[in-house]
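Here's the structure, in structure tokens; my notes come after.
Order as written gives the chain letters A, B, C and D; numbering starts at 1 within each chain.
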Amino acid sequence: MSGGAAPAVVRRKAADTSRVVLSVKDLKKWFPIRKGLFSKVVAHVKAVDGVTFDIHAGETLGFVGESGCGKTTVGRAILRLLDPVTGGSASFQGQDLLAVGGDELRQLRRKMQIIFQDPYSSLNPRMTVESIVGEALTVHGIVRTTKERRERVQELLKKVGLDPVRHIARYPHEFSGGQRQRIGIARAIALEPDLIVCDEAVSALDVSIQAQIINLLQQLQEEMGMSYLFIAHGLNVVEHISHRVAVMYLGRIVEIAPSDRLYDHPSHPYTQALLSAIPETDPDAPMNPEQLQGEVPNPINPPAGCRFHPRCRFAEARCKAKDQPIPVWRIAPGHEMACILGEKIPGAERIGEQPGF
Amino acid sequence: MSSNGPLLDLRGLRTHFRTDRGPVRSVDGVDLSVAPGESVGVVGESGSGKSVTMLSVMRLLPSPPAMHQGQALWKGEDVFGWGARRLRSFRGREVAMIFQDPMTSLNPYLKIGVQLTEAVQLHLGLDHAKARDRAAEMLRRVGIPVPESRLDDYPHQYSGGMRQRVMIAMALSCEPQLLIADEPTTALDVTIQAQILELIDAQRRASGTGLVLITHSLGVVAGMCDRVVVMYAGRVVEEGRTEDLFGDPRMPYTVGLLRSVPRLDVVTERLVPVPGTPPDPQRLPSGCPFRVRCPWAEARCAETRPELRDVAAPGAAPHRIACHVDITKAAPREPASGGAA
Amino acid sequence: MGRYVLRRLLWTPLVLLVLVTLTFALIKAAPGNPFAMDRVVSEEIRAQLEARYGLDKPAIVQFGQYLGRVVTDFDFGPSMKFKDRTVNDIIANGIGPTMLLGACAVILAVAIGLTAGTIGAVRQNSVFDHASMSAATFGMSVPNFVTGPVLVLVFALSWKALPVSGFDPSFSLLPALGIAALHVAWRVTERIRVGPAGFSWGREFACLWLGLLLAAVTSVVTLLARSPTLILPAVTLALPFASRIARLMRAGMLEVIGQDYVRTARAKGLSETTVVVRHALKGGILPVVSYLGPAITGVLTGSLVVEKIFAIPGIGREFVEAALSRDYMLVLGIVVLDGLLLVLFNLAVDVVYGFLDPRIRYE
Amino acid sequence: MSADLDPPSDGPWAQAWKRLRRNAMAIAGLVVVSVMALAATFAGTVAPFDPRISESWETSLPPGARHLDLVNEFVVTAGQAPRERDVPPWLHDGLGDGHDHACELDVVAEEVKQLRVTMDGAKVTKIQGDGARTLAKVELGPEDHLRVKDAGTRIEAKALEPGMALPEGVPAKTGRWVLFAEWVRIAPDAKRTVRVAYGYGTVSAVTVAGAAHAGEMRIRAEHVRDLRVDGARKEHVHVLGTDLNGYDVLSRIIFGARISLLVGLVATLVSLSIGVLYGAVSGYAGGRTDVLMMRAVDVLYAMPYIFLVIVLLTVFDRNLIVLFVALGLVQWLTPARVVRGQILSIKRREFVDAAVTLGTTPWRILVRHLIPNTMGVVVVFTTLTIPAVILEESFLSFIGLTVKFGGEPIDSWGALVDSGRNALGVNGERWWMLVFPGAAMSLTLFSMNFLGDGLRDALDPRQKGRG
């Protein structure tokens, strides 16, 4: 690794763990599947099926998992983009997030924003950069005049590394993918939110641009102190940017831990498999040590027992038993995982359970 | 040509697309060779010309708008000189290809069995029944359970990963000498990606097939390939044995790429991104196309386009870069912070 | 597939019911009385007439009786204009010429359109492509009530090569039988050559389609060659649809030829003919198939014009005359019949579509 | 990308216009459509003749025919100002221009005899002259002619005798019937010159063959052989000929365009308003409302629509409003489906989620984000629906369901084509009455379709952004 001479190894400043910004308990979001002439509900896709986590002030919580595991649904449900939520509770700075409505909800929305994956569909092609970034300011009555709005938008553009004069009157199609993502970030930080959901915010970008955007997000967090819910399938990216990482599988969190802890000591078989699947830019790294067999099961009709058991290297007969609760274990401070075989891990302490299937 | 010469040898290959607003120089002079049984990774960002290069070799780009120059030699014969008949026996039989998106690369209107058997019947002259047996055998080899019954299914009844397995089975069914995989795992999940890469590697090793793996991910080639070629703006900018290239990258672009990927095994405060954006292939800068983003750029970089030159120690395997500067000696400029375009 | 067809079939009566109700309501909403229009009749006669046509009862009863007759006896009642003829008689006389002409036009349009569109797409930007597409755009824009008279002017009046009007069909089955015999001979020799192992129903089905298409085209050509009075009407009726089909086919084929799976097929080393016939045609033809439903509506509409121009005794002409002379029973009968034809044809099109596209078939 | 280009900044519409401009055929279509629309709007000024004035002595003139510039009947009285409709425009204009003018007309004398022709089907059985005297044969001189009395239509015949087939220009009927006709006999040698002096508001003198004429002078245009005003021959040209009734074909086409385009525009607006509203509501509401609304559209889609329109037009009074409603009803289904699809897909785009997250109100999302993004489709639909509606209206006129416009006999293109078809003649010798209206109509539809195709390409979202 002589070529990639790394800069000084310093972990970025820790989050303020005393202050919880967002607290989610047993969140569920099921999507009905309708069929026939009368659109009868015949089944549910249980996209999110009992997810619990907290995010602290200034913290980045990463969410990883295969496509269809529900990570994106978690992000959108919290932002109330997928009403109604099937079950569970969420509080944001002490306020019941899922109960508020109307004006209260619109006020709450000033504090929670989102950055999307697709830099093409996330910007309205018929609006200029000024109106895209400035819309929130107008909607919430933060600016009174057009001049005031223009000045604020220019400040924001400068902050995300765009040219405040030359770029402000342009339309999205005139920008490259990376630049569009910067516009999306400017829109998200315009209201100075306390939480930003980054929904695969860098997945669609080229490698060199990806790094630019990651750096920008980190820099903004240091300046403005907001929390991120960082959703991505690129594990190395999540590890890099997050303080803590939650691993999701078929609608549940199977493991959650501080990010260096998770990568050094992955305890859930799924996490281990996921980590082993990441190709490393090191030709000497062993290829494919413990591969994951098969594919993600159909979420409409998931396997009974532990949902991961058909693909699990360690699965035993008891993992298949129906309707048994899945125990949740604490392995180290802040490191929790849910597995039927968790007692085999030394030092694991049973702290609760998830309902069975 | 003797059997130990290269299987595929590109010499100054150029592919330009004619458009209303002038030519787009997607591939702009590529030299590349693949030896029998060798696996070569071609890495680059989107628009760097890596896919177009391989589609040009297969002559799969409609012409016009695509215009080719230079040579693409297959065992010494120029692919561009061939008639339709020779070309057909080359495609599928001698070289097979796997494409990026398994969702769109299989014909949704035809049964998997039909799609698998047609090439076998054509190239190997098997009759219908034997071709079906072979198709089932191939599906079994790529890990599809109960292959006999799945031959009569349509592609939409397969999952994404399964479809890519079908593509691999289809590509390998005529025992080609070279397999070109064009971003075979980009559309798939990480876990499925690992399975598919493993499958390609195992199958290829078992039959001694050469491999060209096109990808934008450095991580993928590191574990899979003997040799790596890095492309930028339609040109090869660095090429060498995998260990040499990852261990001692000499082209500033490669260095930048390696640094901008977060690594699991190294804790870093900040990534070092490559500043700026890839150039518009319609308006390439003069001289070295990377110079506008390059921390090592000098005045001469704007004047002449650097040719590929060997920088390996005498006697070692070739390690070639297209760069005027020796980055082991020169010091980089401080990159602009933020690095907006 | 069975459930898919069944669901479509269940849809049919609903559509027809809405159609009958709508038309009936329209007619009942008409101000005045059909008998009060033309001549002055005495109260007595009028009452008699009203009783004869059931007009003395409340509208809802009339509707119920009408519907009952249509459903149970397929009886559309008496004509109001021709005292001694029933709607069924008039329809029975007129449906033949209309169907014959319509079938000719559709087969001609499909044959010409598919051929021109496919060649245009495969040889994109060639002289043929440009010429056929210009012709098609023109053929689509010129209304058939302009084409018809202009064709008459050129071929019948000035050049005197074809009759001006009339309806005098003459047909021979021989060429179509010949095609059938050739088809059977071809399949049998193929069976002997390949042996039983190579048998596949799918392939047999595809060949059967080809044979049927060829037989249909041959039949139309035979018919037109033997009956000159049909040539101009058939061409007039077919032209806009041939143009539209050619454009749709070309666009559909170009779309498919640009798909990844066609590139896959080429990368396999298949010949260009195999790529087009086996891989591209099935997807490329889908827009044409879904257009066939609207096309049949268009043929029925077009028959109103063509039968008027060429004095063909079909239901189109009867309909126009009935509408102009307010023979509502006849109007109602023809609307219901056309509705039925449309619904049945749309059903057939949907089934063919499902047959071609496995993703629809398996839902 | 092009972000470093300095001349900013094209909005999506400006971009679409740029793309459209590169499409030569679409621009040609746009030009044709614009010219047609302008001509139709200013039909009164553009059209060379008033299409409501029949020049019955100028029936069936071929294209380019030059003709003396007269009106049907020319009425002057010395010392009086003539009424405007009694004299040709040049005379009327000359009265007020403050000069003296002289107009000379060479006129032939005529004798009109009443004829009663009894027919049996298409065959002449008996001819009766004045006082019911039966004539054996009527022989016509070189300039003599026959006229259907009440219609003013000319009968093409050189002689008339019992037993002969019905001459051309007479509508055929079944059974025995009587044709009342006029036999106009013209004596070529009895030519007189009429001189009309006028100016300063009145006709100052009228002389016939040198002698002053007292009282009212009535001259039928068909008797005038030569006309000179201030020494110059006064003529006009029927560029596209005249029809059987002596109406100028070009003028009728231009006035017909007015009707066709008006119907096209209004009915399209009606249908698009219904369609866009329906589709937008269905798409925006989603869920069960959406399913229900779309099922209704499915049912209506399967109707033989044009038949219902025909029923509608025969049942109700054939006026413009009914026509607009009837045609509008046919065309709203497709836009409803397409707009719904658009709204559904835009609703799923992430910028809408972004707007929701910003706390934007639903109303603002609809107005700022959803509707502007459907405008492209709506524009394309407008340009493609107008020709479809024009075609339908003309089709209805053609099969005989003409709609009266304010009680005036102005026909739309379909009716023109129909009358042209009926007027062709046995060898198609009067082709211009069919070909020119047909060509005008085809050219317009052709241009509109090209423009619509061009607009679709220019506004196609697939070409946007990602290129």
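By definition in this document, contacts are C-beta pairs under 8 Å (C-beta built on N, C-alpha and C of every residue); 3 or more make two chains touch, one makes a residue touch a chain.
Everything numeric here is computed off the predicted structure, so don't read it as measured data.
Between chain A and chain C, the least number of touching-chain steps is 2.
Inter-chain contacts peak for the pair A-B. Each chain gets one centre point, the mean of its Cα atoms, and the points for chain B and chain D are 65 Å apart.
Once the centre of each chain is set as its mean CA position, chain A and chain B turn out to be 32 Å apart.
Centres computed as Cα averages put chain B at a distance of 51 Å from chain C. Shown for chain B are the residues that touch two or more other chains, namely 277, 341. Within chain D, residues 1-3 each touch two or more of the remaining chains. Every residue of chain C that touches chain D in the complex is listed here, in rising order: 11, 14-15, 18-19, 22-23, 26-27, 29-31, 137-138, 140-143, 145-146, 149-150, 152-154, 157-158, 297, 300-301, 304-305, 308-309, 319-320, 323-324, 326, 331, 334-335, 338-339, 342-343, 346. Touching chain D in their complex are the following residues of chain A: 39, 76, 79, 81, 105-107, 109-110, 112-114, 116-118, 120-128, 132, 135-136, 139-140, 166-167, 169-176, 179, 184, 187, 191. By the touch rule above, chain D contacts chain C in their complex via residues 298-300, 302-308, 310-316, 387, 391, 394-395, 398-401, 414, 417-418, 420-421, 424-428, 431, 434-435, 438, 441-442, 445-446, 449-450.
The touching residues of chain B, counted against chain A in their complex, run 45-46, 159, 161-162, 189-195, 197-198, 201, 216-220, 222-224, 242-243, 246-249, 254-275, 277-278, 338-341.
By the touch rule above, chain A contacts chain B in their complex via residues 1-4, 6-12, 66-67, 160-163, 176, 178-179, 182, 206-212, 214-216, 218-219, 233-237, 239-241, 260, 263, 273-285, 287-288, 291-293, 295-296.
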